[in-house]
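There are structures below to look over.
Both of the next two complexes hold chain A, though its partner changes from chain B to chain C.
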Partner chain A sequence: MSTLSRTPARKSFKGLTFRQRTYVVAVILLIPALALRVFTAFYPFVQTAYLSLHRFNPAFDGATGPVFVGLGNFQRIANDPVVRASIGFTLTFVVVATFLQITLGLAVAHLLDAPFRFRGLSRTLVLVPWAIPMVIVALGFRWMFDDQFGMIPDLLRHVGLEMKWLINPTNAKIAVISVAVWKSTPFVALVLLAGLQGISQDLYEAARVDGANWFTSLRYITIPMVMPIIITTSMFMVVWQLAVFDLPFLMTGGGPGFSTTVIAQKIYLESNSLNYGYAASIGMVLVAIVAIVGAIGLYLFRRFDVSE
Partner chain B sequence: MTTSAVIPSREQAAPSTSGFVQRYAQTILVYVCFAIFVVIVCAPFYFVFVSSIMPSTELFEMPPRYWPSTPTLDSYARMIDSVPFFTYYRNSLIFATGSSALSVVAASMAAYALARIKFPGSNIVYLALILSVALPQIAVLVPMFETLKTFKMISTHHGLIILMSSLVLPYTIMTLVSFIKQVPAEVEEAAYIDGATTWQIILRVVLPLIRPALFTMFLINFIISWNELLYPLVFAHNVDTKTLSVGLTELTDPGSTYTKPWDMMSALSILMIIPVLMIILLGQRLIIAGLSRGAIK
Partner chain C sequence: MDSKQKKTLFSRGMTRRTFLKGSAGSIAAALAAATPGRFLTQGIYAPALIQNNKTVVLAIQEFAHDAIKAVLPDFEASTGLTVQLEGGPASGTDMLTKYGPSFASGESAVDVISDADDDSPTFIRAGYIEPLTDIIPQETWDDFPESFGSQIEKFHSFDGQRYRIPHEFAIGYFFTRKDWLDSKGLKSPATWEELVNVGKELADPANGVWGTTDALIKPALLYVYVAYLTAQSGGDVFAFDEATAEALQFLYDMIYTHKIFPEDALNQDYTAQNQLYMSDKVAVMRQWPFFQSVAEGDTAWFAPEKLAIELPPAGAAGSKAWWGGWGFSVPKFAPNMDGAKELIKYLTSVEIAPKLAEGQSWFIMPRKSILDAFAGKENAVLTAMGAYAAAGVPAARPFHARVAEAQTVVDDAASQFLTNQLSLADTIKYGQEQIAALGT
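Let's look at the complex of A and B:
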């Protein structure tokens, strides 16, 4: 039997106890991940917080560097109609899209779980919207929603719906949200499917014996059982979609007017105009919104988990 | 009493006449739902494909055509002439492969430490890594740009790869932690008793056991990186680093609907989708397992 002390690693850390040696291993293993996150998330975040309190436009303030303006940027945000409109649309987008993604996702998950011949095929197909690049989805739908040459207005015309899509503010919002639902419902469905598969069939059998119909089973078995997953997934979708950028940016360019401009696009525009300080402060507002929503989600999740 | 497709009934009720009718109705309902599902999922893909093989004169017809009179690959040829398509394709491959490889390596190391080694503050490190996923990439864009400029990493492959792999890192760590926790600790303990060092345990015991999980995360991160727009758009300024997603937006710029070359855009889109479709066709099972793992845990 080989003894533990004969192994090379032991010799190289001779002075350390076993426990200390494992700590060294843990630190070494964590270094690459932490370095990446510090470099691209934590450090830039601190810098953003700093910049948000400064006026900094390299074109004008290049010589002096950032000029401290206190909460000046945030005052400007409060009076900026575009920022306010973008916060409004972002929140509408996130709430409506997430609600529809979860609801439809639960329905699609049931289809994927149903025993029928094309179950395997349906599970491959469900990956398609998730896997197709958002760039292509956004531009493709822009083309399909085109008022003159697009297929969607044409198909709707056949069923008697004469609608202009991307040049009407309300309809443009609806269009952008529907595309987000098309793109991300499958992902939600897959996660919920895993939840459905975790529910014991005995529960449904017992309920059926007791005379439950599909609706009562759904209401009193399925939904309560997958509730923790619904909460986690909603939280994830909300937080992720609060930062949505490419879809509205490419599909409508934020228009008509500013009706589909999201916070992220406003940040992008301000950075492109070199208003670095102002862009950073809008970034901080976005982070604050994400933090508040995330905290609410965590609270809901914990409360639900305890009651289980 | 109505049972329906909504209840996933794997065992059918005892056979009876009404049960038979019911089951029949249920099957039809499932197939109808499936048909609607197929149409909704595939329609956009179909329209983009048709636009790509349509002669450009027929593309701008009113009402729109749903199938070209004479399918042509003409728009593919013109697209390859107007953007450096093959260079962008190569860049996308480097970007996606590099990002997913780096993220899986860094994440698997961290995930092992977080899942198996109890050290002071491990929970805090885990939370910090996971919660940082909520930090919107666009909110910290400006300082990121300045930092990259300082390190001379703008318009470089390694700069883009570092950014992208870091973006997918939290999710990858979370998924891999849950995979590693599934591996029974007894296996490692046995190896340890046999005299293996920690490094040997990681490389010879744990790594082979979680190889499917690593492969899964590699595929998922490859697709996510392949599809990424924002980072290449902001941090890649030359032909040698721009990716296909940027190439697609370059085709659209600038102008109104009339001047947008939808035919060439569709052609590029189709060629950009092909590798992704191949991955999901071949790795369907793995990807589904990997995607749902993160949220369930």
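Let's look at the complex of A and C:
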């Protein structure tokens, strides 16, 4: 037994025991990280939750301050056609865009995984859309889809397709989702490519010996092996795109009507009008949606043993 | 220290409960250490601004900076203050985005703002703006025409105090291709019916040539044109009354029935609208005064007969166009309040306002001092301003205490109707319900 361990517990510097000093040092070292989370996540969340139960617009409730309305804001949300439409389009946007990004991303990853000349250059070029800032993408495509001056309607006219894009509600939705898919598919492809490269070629060799064709190899080897990455990436894209704002706002302004208005834009509009209480309640709805999606993600994580 | 000693030290690891207790206690202590009053009123993020009382910061759109710089030397020499100009937002919506959070937290990085009609009533009612009633001399207020009275009371005042002073007068002018009209022996359309007839005469949709157009993209621009037509039909666009319905139906008919107005205008901003006109694709259109400068700037295209300003076609209520504009305000949290008040008094004085107008057409207004300064000078916008005033064209800008939100309702309602998502009856019902929900 060493001298130190034989020494009875004694009061150390500043009257703290050694064990207490350990706690203090640990807490002090963790305070910056904890403070960051508290001030940038916990406090805003609590403040938002508080405001969501109040009617508060400084321009009209300045004298009284926030007025408690219980679930009144949420009741208003249920009757607000713009919020209802924005939730509908946001979910459509997220589900369709993520599905296409994953599907196309897997296809592109497959192509990039194949051996061919200039593969390195191709992998770099594929990433270009992802590297362009979203603001530039949105404004660029707004012009490209423009029915008077845009190249996309013009090209389609040449093949006999006369379509109005950004002034037709359905087509505007298609246009916005298409641009989101174009922009983020390369990122998904890159992540899935890393997964594909981790699959042993021996598995494919063995499958070939057993008579597996390309599709059965994809079905029974590739997809199961990259499923954890697919789930992780899907979750990331879903949660990230639930808060989408810049693309639809800059491309269509949320129109025509409010057919391409997303939840984040509605929150922006309300907070811009100083309707902090109502904006906070819409924000809480978004939090609830993210929480549900997160729960689904956790379930899938466990089901496919992502942690192993 | 050997490995056994290390094990002895760290095997006494703290429990999760102890760790959380310690962390929570530390954070609580940090919060308690913050100044309580400031924390409670402004939130935890309330950076103290470094105040320099020798500097006055004025935020205004950048194209106006040169004109302002030209009049500053006298002010700076007489007061000992230095004026720093910052680029300001170009729309009321952007004003709310940029300054709303700052004002809400009781801070302002600028001393004077150039503020729009769309957001100013909101800032004023929120208590973010300093009253100017005792700052601006009566001589300056008397320099404005009497017709400004109701507009100043609605958009610049609250509870008997004035909070903003206009420095810009914007009205939608009706620009016409006089050369086209003359070549066909036509006159500028004086009524809605004539607008349709002239449009049909000159439009050639197959080749992308239109009788008229406007910028109808959301946000805000669609509202501008619907409110313009509603002023002519004699309604209150925020009431979604019968005259509003008439205006919406007229716009719909121009697009889909008469085909003199491009459907694509629903996705068109002012740049695209101007480009269409200057590409010789539009016969007549409403546009703000800045288009005069834009068109004159395209020297290869411009000719006076391509840009005649005529009175707007009359609806049931006559030949009307609503007017609005920007004005100077002082945020209640201005770091240099005294300097700000001096500057605003100086810039709006009867001596300086004409100099600003000479330096930048944006500052041209029907103020007596400005009209006197321009007497005998050739200026297309000023000439049109006089003609419009004489014909009683200027109509009050539609007012709502929640003006930005009310405009969004009009945008949404009109956009749904014009893209065939709602019938006219449902559009009017939707608009009335949404405006009623705003209250106030």
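Just so we're on the same page, the second predicted complex is superposed on the first by the 271 of 308 C-alpha atoms of A that agree within 3 Å, B and C clash if a C-alpha of one lies under 4 Å from a C-alpha of the other, contacts with A are read in each partner's own complex, and residues count from 1 in each chain.
Keep this in mind: a residue touches a chain if its C-beta (ideal position, glycine included) is under 8 Å from a C-beta of that chain, and two chains touch if they have at least 3 such contacts.
As the structure is a prediction and not an experimental result, all values here were calculated from the model.
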{"item": "A:F39 touches, of chain B and chain C: first, second, both or neither?", "value": "both"}
{"item": "Contacts of A:Q75 with chain B and chain C, given as first, second, both or neither", "value": "neither"}
{"item": "Touched chain A residues, chain B compared with chain C", "value": "B"}
{"item": "First (chain B), second (chain C), both or neither touched by A:T22", "value": "both"}
{"item": "Partner chain(s) touched by A:S273 [first = chain B, second = chain C, both, neither]", "value": "second"}
{"item": "Chain B versus chain C as contact partner of A:M134, first or second or both or neither", "value": "first"}
{"item": "Touched partner set for A:L286, first chain B, second chain C, both or neither", "value": "first"}
{"item": "Which superposed partner A:T92 touches (first chain B, second chain C, both, neither)", "value": "neither"}
{"item": "Partner chain(s) touched by A:I167 [first = chain B, second = chain C, both, neither]", "value": "second"}
{"item": "First, second, both or neither for A:F149, with chain B first and chain C second", "value": "both"}
{"item": "Footprint overlap on chain A, where chain B in one structure and chain C in the other make contact", "value": "2, 4, 22-23, 26-27, 30, 34, 39, 43, 47, 146, 148-149, 271, 276"}
{"item": "Chain B - residues contacting chain A, complex", "value": "1-11, 13, 27, 30-31, 33-34, 37-38, 40-42, 44-45, 47-48, 51, 59-64, 66, 102, 105-107, 109-110, 112-114, 117, 119, 122, 125, 128-129, 131-147, 162-163, 165-167, 169-170, 173, 194-199, 223, 226-227, 229-230, 245, 248-249, 252, 257, 260, 262, 265-266, 269, 272-273, 276-277, 279-281, 284, 287-288, 291-293, 295-296"}
{"item": "For the chain A and chain C complex, residues of the former touching the latter", "value": "2, 4-5, 18-19, 22-24, 26-28, 30-31, 34-35, 38-39, 43, 47, 57-60, 62, 76, 81-82, 142, 146-149, 164, 166-169, 252-259, 269, 271-276"}
{"item": "Interface residues, chain C side, partner chain A - complex", "value": "2, 4-5, 8-9, 12, 14, 18-19, 22-23, 26-27, 30, 43-44, 93, 96-97, 100, 104, 121-123, 125-128, 208, 217-219, 262-264, 266-268, 272, 276, 401-402, 404-405, 408, 411-412, 415-416, 418-419, 421-422, 430, 437, 439-440"}
{"item": "Touching residues (chain side chain A, partner chain B) in the complex", "value": "1-4, 6-10, 21-23, 25-27, 29-30, 32-34, 36-37, 39-45, 47-48, 51, 108, 110-111, 113-116, 118, 120, 122-137, 139-141, 143-144, 146, 148-151, 154, 157, 182, 186-187, 190-191, 193-196, 198, 201, 204-205, 208, 211, 213-215, 217-218, 229, 232-233, 236, 239, 242-243, 245-246, 250, 264, 267-268, 271, 276, 279-280, 283-284, 286-287, 290-291, 294"}
